[in-house]
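Let me begin by presenting the structure, written as structure tokens, before commenting on it.
Naming follows writing order (A, B and C), and every chain is counted from residue 1.
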């Protein structure tokens, strides 16, 4: 019998979720009370901590999604435990990646408005984030509309794999294309040790949040698989229509 | 069919096909070798077409396997696809090419020699010599069916998989089809076809598989008795 | 040798059908022509700025029209399940893919030969560096064909494929557009402190990498 919410803490996912919540609060404290106010940008600079942490994790998830696609195609989508794991992890990474992408694309312009006086600039990193976001959306659209059978999954995996070299070329192109883009403010910046504390706290918090979401999403996929298996077992026993 | 064929056997072993949460095939096994004509009978939705698609490699399957032993060894990939030819319901012919161009194209893909003569000879055999240079789009369904059988002939494949090949053919056409399939089996080829027609099954089949809901209800020898039992089995399931 | 013969057979078959029906080239050429006309009305309020818009319009035209061509190229294979006839034959999937890419390149190239001069004419763009311009169009089109063919083949039977295809391919093709626009701008004498050379090498690199990646992936995706 469950005796209370803390019973759930024994559950590894719940533990992860609690750790993530604590880390987010700690990171917020660090951002607002430990890190000093930046001299020229003032309070708006604080958006940077979660913005960059989200962007980094979005990229990590993009790579993860691509690797899952590669593994899925490597196994030729043969039914089996690992295929299901790899496939589910790919979707989970893409869906969480879209959420992080949304965070990046909302906080980015907020920052840009204060720092550069404009909502949107085609600054290379912002552009790159937008492209990753679009590739994630395309991947999810394929999953939704190209069918959830092996063929549809194969196509989506193919896109995830193509996305890896594509991202390299996109990165290269937007870097060169930008020409006289505003200098990326934090290249080698963050000299202040308190700011570094806040930044690493945010990074850790976003790691835990992303991991929790991915694990939860993977769990949904697993439950779906089990539900399908139950229906199939039922269907196997029935004489059929 | 040119020359004599070595010993071969195509087999589906306990093939299971799942779409969504439903079984389309539930552990179906089947095999065919030289001289065999295997007929798949069963009501609509029994899994006949899916089984043919799985055998041809057009459909994936979740469990079981499809294998082809050829001259004492297992063949897969390109060689499998060279030996096995499939005539599905959607014909696999380019509507904007003529019958002759279609056959020549597939002959080239299969790398069979002296294509021009071979194609002309095949067009003769399928009774399309006079209409060979009409676009497939303008041919009647029966003539298209003949051209599609011509595709099987011209590729020189040993295993023919046909999904209701009698569709759209008139009485004369059916007679022609039956003698063509019999000829292929006699020359050492194998035929697997799905059919709703007791006359067709009775005449051709050396073995009959009665399917229902993705399961084999009965696995019978060909001939009048087998045919009658097979059609009874699918109409009155146990 | 055999594979080469099969590649030629598939390509010749596509050209024969196209010669007969012209159902790729006509829609593609008409569509691109209309695009250019509409762009002219949309952007030519200030003729002095034509040079700024022109290079972009060249590449938007290439991208949009090639998408029309891709949809048509595979509609043909969808009828009567023909793509499956190819894939179930003893043909390496790579040969089918290569033939489709080359076919699409030929049709797109023809369309470009008709339309791009019009863009240059309507927008009064004097091409000073002809080799760079032609190289950019050629290399860029190869990239578009490679990525586009891979996904339009895969999406042939998908619902909403007309929407999905651009959704999937355009983000991947952004580098091609960026590089293409840059070189085109340089070729029509835009005052930029750059050389076309690095961008052309970039396009060539894109083509090479995606040539290998798409070829390998097509086989895998088809047989999955």
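The definition used in the following text is that a residue touches a chain if its C-beta (ideal position, glycine included) is under 8 Å from a C-beta of that chain, and two chains touch if they have at least 3 such contacts.
None of these values were measured; they are calculated from a predicted model.
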Practice item. Just say which it is for the chain contacts: an open line, a closed ring, a star, complete, or other. Key: complete
Practice item. Determine, using the mean of C-alpha atoms as each chain's centre, which chain is farthest from chain C. Key: B
Review point. Which chain lies at the heart of the structure, taking centres as C-alpha averages?
Key: C
Review point. If you average the CA atoms of chain A and of chain C, how many Å lie between those two points?
Key: 32
Point to revise | Euclidean distance of C-alpha centroids - chain B vs chain C, Å | key: 39
**Study point:** Rounded Å distance, chain A centre to chain B centre (Cα mean)
**Key:** 49
Study note, to complete from the structure: Touching at least 2 other chains, the residues of chain B are 60
Review point. Multi-chain contacts in chain A: which residues touch at least two other chains?
Key: 77, 150
Practice item. Hunt down the residues of chain C that sit against at least two other chains at once, touch-wise. Key: 224
Check your understanding: Mind pulling up the chain C residues that touch chain B in the complex?
Key -> 2, 5-6, 9-10, 13, 16-17, 20-21, 76, 79-82, 84-86, 88-92, 224
Point to revise | Sites on chain B touched by chain C in the complex | key: 56-58, 60, 78-79, 81-82, 86, 88, 90-97, 101, 105-106, 108-111, 135, 151, 155
**Study point:** Contact footprint of chain C on chain A as seen in their complex
**Key:** 72-74, 76-77, 131, 134-135, 137-138, 141-142, 145-147, 150-155, 157-159, 161-163, 165-166, 169-170, 172-174, 176-177
Practice item. Within their complex, state which residues of chain A touch chain B. Key: 77, 79, 149-150, 228, 231-232, 235-236, 239-241
**Study point:** In the complex, chain C residues that touch chain A
**Key:** 147, 150-151, 154-155, 157-160, 164, 167-168, 171-172, 174-175, 178-179, 182, 198-199, 202, 205-206, 209-210, 213-214, 217, 220-221, 223-224
